[in-house]
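Would you mind keeping the following structure in view while I ask a few things?
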Amino acid sequence: MSERVVVDPITRIEGHLRIEAEMDGQNIAQAYSSGTMVRGLEIILRGRDPRDAWAFAQRICGVCTLVHGIASVRAVEDALQIELPRNAQLIRNLMIGAQTIHDHVMHFYHLHALDWVDVVSALSADPAATSQLAQSISSWPKSSPGYFADMQKRIRTFVESGQLGIFANGYWGHPAYKLPPEANLMAVAHYLEALAWQREVARLHAIFGGKNPHPNFVVGGVPSPIDLNSDSAINAKRLAQVQDLIRTMQTFVDQVYVPDTLAIASFYTDWAERGEGLGNFLSYGDMSIDGSTDLDSYLFPRGVILNRDLSTLHDVDLHADGEIQEYIAHSWYAYEGGPQVGLHPYKGETRLAYDERKGPAVPFKHVNVEDGYSWLKSPRWKNESMEVGPLARMLVLYASPNAPAHAQAKELVDSTLSTLGLPVQGLFSTLGRTAARTLESKIVADAMQTWFDALVANIKSGDTRTFNETLWEPSSWPKKAQGAGYMEAPRGGLGHWIVIENGKIANYQAVVPSTWNAGPRDPQGIPGAYEAALQDNHQLHDPKQPIEILRTIHSFDPCIACAVHLQDPETGEQIQVKVR
Amino acid sequence: MSGFSLERGLQALREEMDAPVASFFSSCVHCGLCAQACPFFVETGDPKYTPIHKLEPMRLLWEREFTLWGRLKHLVGLGRKVTDDMLAQWEPLLYDSCSMCGRCSLVCPVGNDIAYMIRKAREGMVASGHAPEGLIAASVRAVNTGSPMGLQWKTLEVQIKHVETSSGLEVPIDRQGADYLVLLSSMEIINFPEYLEAITRIFDHAGVSWTLSRQCFEATNAGIQIGSKDIAATLVQRVVDAAEALGVKNVISPECGHAYTAIRWEGPNAIGRSYPFRVFHIIEVLDQLRAEGRLRTEGKEMDRLSMHDPCNLARKSGVIDQQRHLMDLVADNFVDLKEHGKFQWCCGAGGGVSSNERAEALKMAAFKRKKAQIEEVEPERMVTMCATCRTQLEEGLEEFNMDIPVVGLTEMIADHLVEKERA
Amino acid sequence: MAVPIRPQPRTLGDSLRQNGVSRRGFLKFCAATASMMALPPSMAPAIAAALEQARRPSVIWLSFQECTGCTESLTRSFSPTVENLILDIISLDYHHTLQAAAGDAAEHAREQAMHENAGNYLVVVDGSLPGPGSNPGFSTIAGVSNLQMLQETVAGAAAVVAVGTCAAFGGLPKAAPNPSGAVAVSDIIKDKPVINVSGCPPVPMVITGVLAQYLTFGTLPELDAYNRPMAFFGQSIHDRCYRRPFYDKGLFAETFDDEGARKGWCLYRLGCKGPMTYNACATMKWNGGTSWPVESGHPCLGCSEPDFWDAGGFYNAMSVPVGDSGNVLLAAGAGGLALGVGASLLGRHKRAAAKAGHETVTADELEQKL
Amino acid sequence: MSGLDNIPIQVEPAPALARDFGNALPILGEIRHAVARLRHDGEPSCIDLGAMPFGPGDEARLMTLLGRGEVSATVTALGPTHVWETGYPGVWVVEYQNTEAQRVGLQIEIDEVPKILRTQPADLDDTLAALEARLREAAGRHPDGASDSQ
Amino acid sequence: MMSSMDFLLFTKGPLFQVAIAIFVLGILIRLVEIFALGRSRNFAEPRGGQVIPGLKTVYKRFNPDPGTFRRAPFDVVVGTVWHIGFIVALLLFIPHVEVIKATVGLAWPGLPNPVVDAVTAITLLGLIAALIHRLTHPVKRFLSTPEDYVIWAVTFLPVLTGYIAYHRLVNPYPLALGVHILTAEIFLIVLPFTKLTHIFTAVVARWFNGANFGRKGVQS
């Protein structure tokens, strides 16, 4: 029997996303991804001071809290051709790096792990065996039998209280959970440890940006001045703190995150066979290894991979009218030129048209997949649907032999594949996506030290500049300017496009990673990355507990709240299914 | 046919509105400092004599008709209207208690030239029929007889004969092409005949080519005092005609304050054209002669002398140093009043006040300011160079039993001329 | 009321003791709690007495038009930590970002919590929501409009805590021109107490402090005019700013990298909104006392105040007016000139007419007055 | 872990005291009043430093001003709590940390003994009960025990 | 009900635009009205120039002549003190400099806040003294119309509310600041239609005065 499965809300993500998919028996035939919340930020930004834009843009997301701020100030700096002091470049790299690692670890433990880890099963683990398991994979000190016994007691007390709180109604006991109880207990312990760890490492943002979430930025540099003789600036004490935090990050990645990923993945190698989807990957590139602006020095190089062909890397031009375009064929927006055209972000339009594009009357059971069904647009590169994110980055890096981090990346990928006994094709999968995230965390954590050393060396050489004030005053700007700010956010390539006229924002468009990944179909009916991935070899063991869908969707680390609909392709009958 | 009316008065006022007036009215902040500059207020202590208050009717008209804001207020029925009663009420303020001395114009913190506006306001008073009787009478006499006091040429002729006899010199009359046309004031002719003799002797001494005109000998201008440019123009025209008829290069205004401002400053504007001759006050001419070395004097007055600067001459015409140069020539013990020159205090009689019988008491009250000034320096004699001032000083000093004679500067110069025979 | 299968929730005192916490530990917990609630240390015994009796209250956390920054902020709380909070102090029964369940299972968890704790649960909201006059399709969860979900969920709640400036005041979505017709929680909920914990995001310990207060005393804290807890929002950033002496001395940073910036001078001229911003950043600071925006060289954005997005630009000094004064000046200048010319033409015309109609004053006329 | 020494930066000779943003001295005054209150009325006080608008260096300066005295202690309950007497007897600094050794509170207590060091009356009850139980247990096992003599 | 923040944003936003619009519109109308009336041609032979004496008078009237100072020392001292105080507070308080910079693009250094604070306090006292003087001095009382008292209040209130806002004597601060801005806006709005125009026209009046006298050879 065919049916249509709805998951709404998909939790453990940022925001509100809805996906509808048609079932063919057990298999997902067609999936539809739908962002269900809009704030109209691009409309709000019009007419404002471009220097203020970062603060607005940053509130696109509070999880990857830094990335939109960075992309925004970069867009303004690109438009006005503001050169950044080296210190500012390096400090931003440190902040981006910290964000990437922080975000990946939180995603793995707090958002993704519960798809693979059965909390209830942990109650039946043997603390001593757990300790042995932990010690066998890592030298992480918190691994004594007593520690795990305490942890187990704490979970038991909690479960027995009857108030399960956030763990209530999980798919506990689902046969898709394959970890032994000891691995589950260890993972739950690390779930809690990661909460404490993330709290600690977020301090790095507070040091340079005053707070986290939503640290502060400034067009033309960073807000925090450097003065080794001042208490109220980045001084030796602050730098020592930063060094500590970098070590804390590296230690956790090396001793907890990487071993846990490998350990858990080894139980789920079947997930290296599904969830691939498009086979097209895009990376804008980011984080020059030496604080310069040279593309060749990027830790993550720029490029596009088409049809899994790692031998050919295509170049990307963010300014070219014909390359990046956004479509709204299935979005609740209207373009002046009609729903079929694609617009480069400089010419992008944001007109909310829920009713016009046949958004269903609220409350609704299903969206109307024939017309608009999402608040996300469909970005395309040369009309190709692309996947962005850690996997895209790792693949582009893998395919860029001259990139500074290529050797490290190749070694990490190859050894991971061999540890898990997987072929290279295993990368193009739900599991590959999750593994790529872990591996790039390792690469970034190591690069953090390089940036920090470069920063300290630069300060020692007497350069303490952190801000370029020459183009601060709007009176010094050209009448008209436009620019693109891009970065590799944890979830993938992020671009902000700004058009400035008379010192004010004339147009602002953000094409965020989740728009690439979670966007709906384009006018040709080509699906976005989520949709394509869900259509790749997904069988639901129990449509009422569609954990399979969550695994693949979460492997993208969505940045919006989601919902999944499954539709009977023959009868069109739509059945609301409890997802549990 | 007399058509004086409120409306005609307002029309006259409207004609007078100009940028300075608008800027002055816009700027007044009611600080009241002009009162401290006005002898009529200072000596009476009555706040209604505050100079700017005297302009209230004119200000109302300006606000109402020459500002957008005032017009809007008018449209919604706010703001007062200028009435005939109001003008009647203001008549004594504008005439009796103002000598147009201009001292207020000099102290106003926002720079209002109040005297300038009083002069303009009087146009409206005349045209609305609110001028004082004394001034009307003087004006009528001046126009009809050539002199505000009704003085005829034949009276002057007697004086001339007398001077010629006394000095042994000829008084030139109607001498075509003379350098200087000398004008006189009726007041001088009657009260201070020694002036004409002094002139005659000095000019003879210095070898100045001069003449009197039978056609017009009167310098004073009642039109200026009453505040009618039409009357003023009639009177000035007579001077201009006489000067042009004789083809003189210069016209000399006598020791009379307002006569000088009338011919020198207002005259050309009253008749609407420039003169083909220049206008001087006698003091200016004398100082010029002195500077050229054409005045040879001997001996000096040894008693303590002080001087009263006529407002029209000093503050309002810039003749301040000249009289002091001349004093230095002939006086050894000269002491200036504390506030002198452009800051001197008015004697209280100018601006038509002396022609306005009704203002007699106020005039004397205002004089107390001068009296106080004089008492400060305790001179034995006062020197001045304006017949009106001189009369007021004499009357005033007598009124207050102060035995301080007043002399004219021109006479004093004449007294010290080196005699021709001895030279 | 309670579903019989479930054991009665124990008190926090029980819970702590069962976890082997000594009375000294409890004392310490109370001292830290007092500090967190911005109460004087002398309140610790009262807190202890209250906590002995307190039960883990059910909390339903609704996320509408938000960015998850508020939740992220909560996870940065050091005292109590988020894990303490959700394991020991409250029962967080519905929270999109943290909960294990998804889809209908998640919605079911919410309904279950509402049912079992009717009248007693606390609703926390982050994010604004499209108002009644707006298109409900602008933000839906499980096909239900935010408005409907809020009203349904709050119906049985004891109180509502609007976390973050979006929930409290409309925040970013409500920034001009408010494309989605966003409103604040208090615009909708009129029959329940609504505590606003503003900030973009709020200081983590302010969120936990308010929850702790409710948990401890079962009462709502004293609130300011914006229904914010006085304990945290009672004083302005400016009044508690360590850079205040520089403001008083007139020493200001002029750019982000000048002598003033390096020496920690006042950021007023760089646009600091500290004087009008009521929040606890200057004392509680961020990320475990690491720093706070002003300490890191950036002017205060004023993020805990209503409409701060439209308050005149983040880098314009607070006194600077909002809006395009230049164009207004030009327009008014042109208008003033035109009107002035018009008005003066009237005046000049009046004078010209008076001059044209001038009747010469003659002696004969005057004579008639005698 | 790493400290200042590990940073390869030449630190310019810094002033002996941390930069004062002006918020340390007023607290000294508050402490003085509290000490007087303790001495005259026997009333202890506690100042929560978490509520102080400290600038960078203010806390360090205050601690320098207070100095260290003769007594220090660590209480291990829900993470460590460090207690030390300052250079001024009767003035104590109490620093509460959570299980991850992150500070959760910093207080100055003016008292003869800080409260957290005192044994709580309720614990004394437990002690009594536990000791009695232990004694009973010991007596029960003893051959001459009353329970056996019955 | 309008919250204090709404109120502040209203005063900083639309009301400010309205205020400066009315102010600029009004003052330009006033000035154009004045200048457009012009002066009739003067045929009398001048004794001196107009421009230089006019400018000199503009400056000289800041200092009263000694006689006036002797006869009205209170007016001179108090008037000068509060005018200077008002201008210092208006133009040299840093937040005000920022407003002017943002509005017309001109900026200059300001004074330390405690200095401005002291000046403001003196200005307040000066204004109170000026009011008492106006109520008691015969000439001033005689001349004063209701407008004079309104104008006093309109001038006094921005200074007072500024002082209150700076010292945070009223809470919440947005309310105090909003009220201050509101009073300043009232000042701006009222200015072109009252004797407050003297701020601009006094310069013109002084110039005309100096020019009138200067032409006759007297530096007034």
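A, B, C, D and E label the chains in the order they appear, each numbered from 1.
Please note the rule applied: a residue touches a chain if its C-beta (ideal position, glycine included) is under 8 Å from a C-beta of that chain, and two chains touch if they have at least 3 such contacts.
If you want to know which protein each chain is, UniProt gives these names: A = Uptake hydrogenase large subunit; B = (Fe-S)-binding protein; C = hydrogenase (acceptor); D = Hydrogenase expression/formation protein; E = Nitrate reductase.
These numbers come from a predicted model, not from an experiment.
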> What is the set of chains touching both chain C and chain D?
Replying inline: A
> What chains do chain B and chain C have as common neighbours?
Replying inline: E
>> Of all the chains shown, whose C-alpha centre falls nearest the centre of every protein C-alpha atom combined?
In response: C
> So how far apart, in whole Å, are chain A and chain B when each is placed at the average of its C-alpha atoms?
Replying inline: 95
> In whole angstrom, what separates the CA-based centres of chain B and chain E?
Replying inline: 38
> Centre to centre, by mean C-alpha position, how many angstrom separate chain A and chain D?
Replying inline: 44
> Where the centres are mean C-alpha positions, what is the separation of chain A from chain E, in Å?
Replying inline: 59
> If you look at chain C, which of its residues touch at least two other chains?
Replying inline: 78, 81, 243, 264, 288, 295, 339-340, 343, 347, 351
> What parts of chain B, by residue number, touch at least two of the other chains?
Replying inline: 17, 66-68
>> Touching at least two other chains at once: which residues of chain E meet that condition?
In response: 26, 29-30, 33, 35-38, 105
> Which of the chains touch, listed as pairs?
Replying inline: A-C, A-D, B-C, B-E, C-D, C-E
> Which positions of chain B touch chain E when the two form their complex?
Replying inline: 17-24, 26-33, 35-37, 41-42, 45, 47-48, 50, 52-53, 66-69, 105-113, 116, 264-269, 272-275, 278-279, 315-320, 339, 342-343
> Can you name the residues of chain A that touch chain C in the complex?
Replying inline: 6-16, 18, 36-41, 43-44, 48-49, 51-52, 55-56, 59-63, 65, 85, 106, 110-111, 114, 119, 154, 157-158, 160-171, 192, 195-196, 198-200, 202-203, 205-214, 216, 218, 220-227, 230-233, 241, 332, 352, 354-355, 359-360, 362-366, 465-467, 469, 472, 545-546, 550, 561, 563-564, 576-580
> What residues of chain C sit close enough to touch chain A in their complex?
Replying inline: 5-7, 9-10, 15, 18-19, 56, 58, 63-73, 75-78, 81-83, 86-87, 90-93, 95-109, 112-113, 135-145, 148, 172-173, 175-180, 182, 200-201, 243, 255-257, 261-264, 281, 286-288, 290-298, 301, 309, 313-315
> Can you list the residues on chain C that touch chain E in the complex?
Replying inline: 224-226, 236, 238-239, 247-250, 252, 268-269, 275-276, 278, 305-307, 310-312, 316-323, 325-326, 328-329, 331-333, 335-337, 339-341, 343-345, 347-348, 351
> Mind pulling up the chain C residues that touch chain B in the complex?
Replying inline: 339-340, 343, 346-347, 350-351, 353-355, 357-370
